[in-house]
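The two complexes that follow have chain A in common; it is paired with chain B in the first and with chain C in the second.
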Partner chain A sequence: MNPARVSLRSVTASVAALAIALFLGGCGEDEWHGKNITGLMPELEFELIDENGDPVTEEVFAGEPVAMYFGFTHCPDICPTTLARLAAAARRLPESIGKNLQLAFVSVDPARDDPDQLERYTDAFSDRMLGLTGTQKQLRALTRRYRVTFGYEEPGADGSYEVSHSSAILVFDAELEPRLMLLDDLNVAQIAEDLERLLEGSRSDS
Partner chain B sequence: MKQGKVILASAVVALVALLGGALWWVAQVAPESPLTVDNPRVRMVPGGGPMAGYMEIGNHGDSPIRLVAADSPAFGNVMIHRTVVRDGQARMEHQRDGVEIQPGDSAVFKPRDLHLMLMQPQTELEVGDTVAVVLTFEGIEPADWPIAFTVVPVTSQ
Partner chain C sequence: MDQLLAFFVPWEFSWPVQLTIWGSLLLYWNGLRRSRPDELPGHGPVLAFCVGVVLMYLVTQTYFDYWSQYMFFVHRGQHLVLHHLAPFLIALSMPAPVLARGLPQPIRAWFARRRLLRALWIRLYRVLQQPLIACVLFVGLIAFWLTPEIHFDAMLNSTLYWVMNWSMALDGLLFWWLMFEHGKRGITPRLGYGTRVLLLAAVMVPQIIIGASITFADQVWFDVYAVCGRAWPVAPLTDQYLGGLITWIPAAMMSVVGALIVLRFWIYSDLTGKTGAAGAPASA
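Now for the complex of A and B:
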């Protein structure tokens, strides 16, 4: 055993790793408008209820990529803005790669968002947008899994209250692996480009 | 004879149109209002929840003005909000002190930013409807400015 050789080998390995990191950082990352989260978080898993009030799990999306947003229907500003951009981007995708993409809106405000309310809200954006919600425990389990959070603010005099929530869209591939985080400042064209690139890539991989 | 009458009638119509155009131009341009509200719109949200009101308020006077309140018979409660995104977390902040606009400046109420938070819709609204909103200011007389907002689709940005 020659210690000089070992350290030389580990130096070589570090240099190689650095070179790969620089290469990925230099060109790979930059092509996405959103954030590439491939391999950073666990695959999609949840127990929630759907727009019919029926219990559902991630199986509802099995084999299909899904773009998921956390919000609440008493959110008239950033939620409709983001959901409308996502729906418009999905419509812009070529039929061959966009047809399987599912859209999901997870309400973190189950006290006000019953299944009927969820259905009315999501139908306004796209008929392929599925509304989901659940108990506090179920919602916390899902949001914690993706390192996002939500909270409720003090109610006003009329009893209404505001909800804070994650502003990003999470995109999962057909294997339900988290792949992209689309931040709220992206426009329709940027979201469409990222979705097209991701879906095209995962299609040719399989 | 008949042709002459037609020409005369055409001339009268043209003159009236010209006069009308001139009057319209004067009304639009001449006595500049110290305050303008451009593109006032309410973005439709189905389901009976709150909707957002957007516009651009221009202060053309020579002293600051402040939007302090808004009220509408079409909604049970109206607040002035700003959406703030910090560390990936979105929330709406109530603008308790209203919104100040310096002379020559404007306040833009737009998606993911300042908005009128129009809560408890009192009637079923449809795209294309007009909604009356009274904006209340400090630093300008009169204080109350009734503005007609147009209901636009939920997908409008």
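Now for the complex of A and C:
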């Protein structure tokens, strides 16, 4: 048997082993309702302004988990329903751990969403939801970090325009590492279960 | 003007892509410089090679890549270029002899001395170029990356995204290289012209099925574009519909154009009396 044949066989064997390992890895038990993104993306980092008009960084959330959603206040349907589900899920959490959860709404439409508008909007969903926005550059830096984006339609005759944005809620743990992506097909109970599991995990870690 | 310049700033700069693209253009140019007049390819092949390579660059190392990541139909266009159009043009130009002449002599000599490496490479290459394997790979990769769950992860994870695009480009080169192999024999198996036309027809059918299924789907299969946000507001089903059409019609057309070119080789080889492998069963 010539050496080339032997090597080819061992190469084939290793490729097959790798494929099986990947396949099994992909089938691992994963009980989250949302998508587990642990290790897929970098830790939270941003420079934005909050609903009081003050500059803030990710430090404002450090120490406790945070659920973050990107949208705009003139959003006709997806943003209000998603934020309402998130707020309802947060209210369902047991008081002892639920109080630690932080909620954040990042407007990607700074031209229309000033701090006042943001504050009114987020308070309508939950008094613990913090509204954030920033310059285009700041917003692009943050969205790009999590491989999401946003874009604008040409304004109509009345000056209104549609904004495309991510439909998922990003959840970060207390160390601000991205952990979960809650897609828009989850109901309140499922969101609450995922949040509870994450909050309990971060409590036992500390 | 600023907008035009901004277009050429790579959305995700990649050293491997930059080195491959500029390296192959440099090699080709050097190869042309070193060719004897009777070895020079015509203007057509030189143009086809350069356009093919530049197209690959434009869809991966410009702002086009941003749209591809955040709009399904642009992503389908990117893969049409990476897997069909650009490798089609590159393979049609049969650049191997020119590229080999472009390699610095020490590297050629080094590779010639590595018998085992050479033997391994040729064996692996010939396995990949078995007609059945080549066709399964060609269609299988399209289907694999369009599997909704896999597509989701590929768009979310930057490593997987690059694996996807590289695999499409490399497989495109393999397939079209096998289809357009002619002239002086190299290590690529020489298939009969009839076989090639048959294979081109065979890969067209599953592509039509995949493309048409996406086009006529009444629900969104690829929700990662909603999850990550689209480059600009477009109804998800419209985006998917356009993406399906691109997967279906131009991709299938490339098979037809490829078959016409193979037929031309066939007629030409008959006219010049060089029987080659025309009509012969696939030897590899």
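In this section, the second predicted complex is superposed on the first by the 176 of 206 C-alpha atoms of A that agree within 3 Å, B and C clash if a C-alpha of one lies under 4 Å from a C-alpha of the other, contacts with A are read in each partner's own complex, and residues count from 1 in each chain.
Here is the rule we go by: a residue touches a chain if its C-beta (ideal position, glycine included) is under 8 Å from a C-beta of that chain, and two chains touch if they have at least 3 such contacts.
In this text the structure is predicted, and so the values were computed from the model without any measurement.
Student: Have a look at where A:120 lands relative to chain B and chain C in the superposition and call it first, second, both or neither.
Tutor: So A:120 only meets chain B here.
Student: Does the superposition put A:37 against chain B (first), chain C (second), both, or neither?
Tutor: Second partner only.
Student: Answer with first, second, both or neither: which of chain B and chain C does A:166 touch in the superposed model?
Tutor: Both partners, chain B and chain C.
Student: With both complexes overlaid on chain A, does A:149 touch chain B (first), chain C (second), both or neither?
Tutor: A:149 sits against chain B and chain C alike.
Student: If you stack the two complexes on chain A, which partner ends up touching A:138: first (chain B), second (chain C), both, or neither?
Tutor: neither
Student: Using the superposition on chain A described above, determine whether A:102 touches chain B (first), chain C (second), both, or neither.
Tutor: neither
Student: Quick check for you: in the superposed arrangement, does A:183 touch first (chain B), second (chain C), both or neither?
Tutor: So A:183 meets both chain B and chain C here.
Student: Considering each complex separately, which residues of chain A are in contact with chain B in the first and with chain C in the second?
Tutor: 148-149, 153, 162-168, 183-184
Student: Please output the residues of chain B touching chain A within their complex, sorted ascending.
Tutor: Residues 43-52, 76-77, 81, 83, 85, 88-92, 111-112, 115, 117-120, 154-157 of chain B touch chain A in their complex.
Student: Going by the contact rule at the top, pick out the chain A residues touching chain B in the complex.
Tutor: Per the touch definition, chain A meets chain B at residues 73-78, 80-81, 84-85, 87-88, 112, 117, 120-121, 123-125, 148-149, 153, 158, 160, 162-168, 183-184.
Student: Flag every residue of chain C that touches chain A in the complex, lowest number first.
Tutor: On the chain C side, the touching residues are 66, 69-70, 116, 119-120, 123-124, 152, 155-158, 223, 226-234.
Student: What residues of chain A sit close enough to touch chain C in their complex?
Tutor: Going through chain A, the ones touching chain C are 3-4, 7-8, 11, 35, 37, 40, 70, 143, 147-153, 162-168, 181, 183-185.
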